[in-house]
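Report on one structure; see the data block that follows.
The letters A, B, C and D name the chains in turn, as written, and every chain counts its residues from 1.
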Amino acid sequence: MKQMTYLEAGREGLAEMMREDPTVWALGEDLGRGGVFGQYHGLQQEFGKDRIADTPISESCILGSAVGAAMMGTRPVVEMRFADFALCAVDELVNQAAKARYMFGGQARVPMVVREPSGLWRSSAAQHSQSLEAWYAHIPGLVVVMPATPADNKSLLKQAIRCDDPVVYLEHKDLWALQGPVDDDAPDLPLGKARIARAGSQITLLSWSAMFHQAMQAAELLAAQGVSAEVIDLRSLWPWDKATVCESVGRTGHLLIVHEAVRVGGFGAEIAATVSEKLFGQLKSAPARLAAPRIPISYAPTMENEVRISAEQIAAAALKQIGKINA
Amino acid sequence: MKQMTYLEAGREGLAEMMREDPTVWALGEDLGRGGVFGQYHGLQQEFGKDRIADTPISESCILGSAVGAAMMGTRPVVEMRFADFALCAVDELVNQAAKARYMFGGQARVPMVVREPSGLWRSSAAQHSQSLEAWYAHIPGLVVVMPATPADNKSLLKQAIRCDDPVVYLEHKDLWALQGPVDDDAPDLPLGKARIARAGSQITLLSWSAMFHQAMQAAELLAAQGVSAEVIDLRSLWPWDKATVCESVGRTGHLLIVHEAVRVGGFGAEIAATVSEKLFGQLKSAPARLAAPRIPISYAPTMENEVRISAEQIAAAALKQIGKINA
Amino acid sequence: MTASNFDRTRYSRFYSQMLRIRAFEQAAIKAKEEGLVLGAIHPSIGQEAAAVGVCENLKPDDILLSTHRGHGHTLSKGASPEAMMRELLGKVGGNCGGKGGSMHIADFSVGMLGANGVVGANINIAVGAAHAIKLKGEDKLVVCIFGDGAINRGPFLEGLNWAKIFNLPVLFVCEDNAYSATTHTRDTTAGEGPVARAKALGLEAQSIDGNDVVAVDIATQDYIRRVKMHGPHLLHLKTYRLGGHTSTDAAGYRPTGEADEKWNHDPLVRCRTLLTEAGVAVAELDNLEADASREMAAIYATARDAPFPPAIEAYADVQDIGDPRTEAF
Amino acid sequence: MTASNFDRTRYSRFYSQMLRIRAFEQAAIKAKEEGLVLGAIHPSIGQEAAAVGVCENLKPDDILLSTHRGHGHTLSKGASPEAMMRELLGKVGGNCGGKGGSMHIADFSVGMLGANGVVGANINIAVGAAHAIKLKGEDKLVVCIFGDGAINRGPFLEGLNWAKIFNLPVLFVCEDNAYSATTHTRDTTAGEGPVARAKALGLEAQSIDGNDVVAVDIATQDYIRRVKMHGPHLLHLKTYRLGGHTSTDAAGYRPTGEADEKWNHDPLVRCRTLLTEAGVAVAELDNLEADASREMAAIYATARDAPFPPAIEAYADVQDIGDPRTEAF
């Protein structure tokens, strides 16, 4: 199977969709030059300036125009550069894209993908590092996808583009260079399905995006200590795969949710609350959350690291949760 | 004690602060005419056009300019008209106001209040009805306040204005006309303290803003059926009064959280998850949430009512939760 | 405009459309007074010439985006007034199935892609619709109508700049009724207004008496041709909102006498005068007026008697993936 | 400008400041190459005349807002380069205590209210700062510097309109280096640019050769006087970014030869020529250059050797109410 990076996989997914469907196009700043991280490298050469459109620095129009273009039967892929800049276009996403189909009584479809490179990336500070997936999951009308691997980034991006709903597609900046196998013959994944990436019996570690990889490492560390952890990559936050999660936690009895976003009001809270509701009585411990403190993100590494969750921290929290060590 | 409406109480609170502190001023559209709901009625006459400023329809500048004005030692009170329109100014609130103090290493203070009339108001449809408090609670740097009564609206607004942090102050549109006692001599409330509005022993009903009144009615209905419900008005979402809530739930063993916002990713999830973490083992049931389905808000009352929680629904959910009736 | 080249058939039709809009809104205001219309409505009484002069020039597959004050535009674009009235009453058979109400009125079947509850938001959406037209190589255009207040929001700059950069087929129409809600827009608008701003963004633009339906018609025809050849243009239509911001706003903030004076320029009266001067019989014009009233009275009655949509419809048309009807378990 | 009225003392000082900026940024680029600067830096090499010509005219309590490319502005406003270098390295003693880095550099003690990571966001903030000045009746002004790319964002329209409406003491400065990241701004900007847009919003505005520090100085003096009398104005400074968008951007997207040609207009060389023509001794100018290098070399060394802030500082300065240090239980 071929190996490629997370970044290349996204690019290949987009290119394949553009070849397959002439109504697919992409818009954003500096795309002709490949986009700020190179995610669009070479695409303007293949597809021309109309379909890989270089835009002004006008986030509200980038996103807002995509709403109009989507309602008119094209499939725009919007590049927001940094998830933080999408905050310049929230009316367009939340009041317009997410609601158009509904408030017009089903007359509109808004098939668009909003790519928002998200998360911590060494010393990018408070305005270039945020993870706001919980916001989008709270908004009716939006689909929310967060791929963690190259294979998923290709497959899920393609599915997001095929989807008739507006999809917030959050790629993690720290995963761009991650290498992994991508199987061109694999059927594309349905949106909303989690993956049990590692089977285990004593605790379920649930995560997504970059944190998933920390969870996998944590499972190794736990294995070394004789603890069998199941690791789930949630992949989509809306819809989220309650069935897979509950089935797993039903078996293990312990759930530890790990995400990079701020813990207060993070999506981990929704999962924890839901799992409690569904499995009360079957749980051996309260669903636990390991996530960022409620502080902005610093530039200096010492302070920035305070919002980073490591595999060691996850393993320690898991051990504590299953009662192997004390607080 | 004098009686006044929630709207009048807010106005009086603002007027008192403006008399007390010459750096307090308000800005927004149509304020000279009293604001869209009359919350500013008469204030321009008293304080002049400089301190009750009529602005262009420029939400991003209304909020963004307040950030600059706050950093320069004034205390702007920003009127957003409808919480939904604040979505035109999210960069200004989240990337600027909330982070300025931090990212400049403590050099800045951003003492501003963002008033966002929020929530359902008959047939206002998808773009004039949203409750997005969960978003703000998730953002480090912000204080989030949601008063439910006239007395609180006066007292908490004054405290929000006095506070050196940016405060998102969500008044509920459906409460404007609510009458209640306001004690001018009462000391102003600290931000972040919940109120046990009705003592009870068998279940804790936790709510805020307009839903608090439904919860109070539900407690009446429950009392009529011999069930003793404690009712808490949370008042502030950040900080939220974990101590009061946990103490109550520790006694009753059951927690039912009721909010008007969408259930998925709503702040109820945070509370439910936290209470589970703190009180696992002491709980008689999983913390439960009654809140809106994940759908946009309709115009026609039949459909709009699907996102409204009634006292009857709360009472029924509470009975079910404590095992008095079956699913 | 001399009597000889005055197209009586055309402007009789325009007059009739203006009468229909007026009658529709009068019926809606009545329905609001009776508690039948549940949300706010923003009547466009006094602005009908702008709506009709622009929208009568659009083909069914041309695209229109409007504002919270969009009844006139929508009707003139060809939407069924019955479906519109039902929508205002939140009834079955409304254009948006009762989900939208007045502020979200839309009829995609006639190319009307929606009013909008957010001032200025339609500008970016319109530009995107035009972008799609360009990408698909279609021969149609987008008309985006917004108020004088909207030119102070960011999308005005971002959208017009965008349209020009990508050379998109959009006709921007600033329908200037002098007020933004309860504030005179002059007090919140720096510089010379929409035409100067549009020109600074590289668009051709002009101001027109928006209460003169013939002038609006001619300018629109001209600009539609130019838009198709040279990309985006802006028309500034100067009109006046004869009523309040919403139907329940008494508009006491206006200088005394202002509205009374403006009633002398009622575009319906002005159009009627032109037609009579051109020799159209008074009886014929009276008939058009009576027809419009009758049509809207009938519509009002059917809408009133129609049922509300079933509650379960609230869960439809949210989204396909993660549909709330199948997602909740 | 004749040799006779040329103020040698003044422009020697300006030259010295430009040299200090250049030397600071060269030191920063070196530190970045060595892995000491952790985040991205956006050098302003080639744009020093704009920074100095504007900021040397500001009093300590005048207010300045800048962009992601703000080292020059900040230094010229009087911030300590040592604190700035420490900030770039995320070290103790940085202006922002290591929390901000290059893109959030700020020194409130000299009226420098921050660079900003969001293009155009400083415009609304600046306008609000000026609003506070007006409310408090203070005699000072706000200078808001932004790039050519920022004029395509909504805040440009909203903020300039606002400043004019409220007649606020703001000098807007569009520092036009021809590029927005990797895109030539001409390709994304409709119309004639910032001056035309500002004029359409009722502001007086003019374009200046931004590489001519004397021209910038004179225009700034004039505009500062006018701002204090008549409210907001805009200066458009045409310059050129001699390096890449960030220090690690090779800028291969520029037409061959473009940058080489522009190096001939290096504002430092131009200023030096003026000074020598005015009779300033070459040795004196060489000394200024050596001083600047020495100063920044020393700073670089101390910054490099300074420690990182303790991790616990991450929890400070978030907020008073709901402070994360006391809230977590």
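By definition in this document, a contact is a pair of C-beta atoms (placed from the backbone, for glycine too) under 8 Å apart; a residue touches a chain by one contact, two chains touch by 3 or more.
Because the structure is predicted, anything quoted here is derived from the model rather than measured.
J.: B-C or A-C: which has the larger count of contacting C-beta pairs?
T.: Output for the comparison: A-C.
J.: Select the chain at the greatest separation from subunit D, using centres from the mean of Cα atoms.
T.: Centroid comparison gives C as the farthest chain from subunit D.
J.: Can you give the whole-Å distance between the Cα centres of subunit B and subunit C?
T.: Here subunit B and subunit C have centroids separated by 36 Å.
J.: Counting only Cα atoms for the centres, state how far subunit A is from subunit B in Å.
T.: Whole-Å distance between the two chain centres: 30.
J.: Once you find the CA centre of subunit A and the CA centre of subunit C, what distance in Å lies between them?
T.: Comparing mean C-alpha positions, subunit C is 40 Å from subunit A.
J.: Roughly how far is subunit C from subunit D, centre to centre by C-alpha average, rounded to an integer in Å?
T.: 45
J.: Considering subunit B alone, which of its residues make contact with at least two other chains?
T.: Answer for subunit B, listing residues that touch two or more other chains: 55-56, 58, 60, 84-85, 88, 91, 95, 102-103, 125-127, 140-141, 238, 294-296, 298.
J.: Subunit C: which residues touch two or more other chains?
T.: 94, 96, 98-100, 104, 116-118, 152-155, 158, 161, 165, 187-189, 318, 322, 324, 327
J.: What residues on subunit A touch subunit B, complex-wise?
T.: The touching residues are 84-85, 87-88, 90-91, 94-95, 98-99, 102-103, 125-127, 132, 134-135, 137-141, 238, 261-262, 264-270, 272-274, 276-277, 280, 283, 285-289, 294-296, 298.
J.: Which of the residues in subunit A end up touching subunit C in this complex?
T.: 23, 25, 50-51, 53, 55-56, 58, 60-61, 63-74, 76, 91-92, 95-96, 100-108, 140-143, 163-165, 167, 191-192, 238-239, 242-243
J.: Considering the complex alone, what residue numbers of subunit C touch subunit D?
T.: 152-158, 160-161, 164-165, 187-192, 196-197, 199-203
J.: Enumerate the contact residues on subunit B facing subunit C in the complex.
T.: Touch list, subunit B to subunit C: 29-30, 32-33, 36, 54-60, 84-85, 88, 122-128, 293-296, 298-307.
J.: Spell out the part of subunit D that touches subunit B in their complex, as residue ranges.
T.: That would be residues 63, 65, 94-100, 104, 106-109, 113-114, 116-118, 121, 123-136, 154-155, 158-159, 161-162, 165-166, 316-322, 324, 327, 329 of subunit D.
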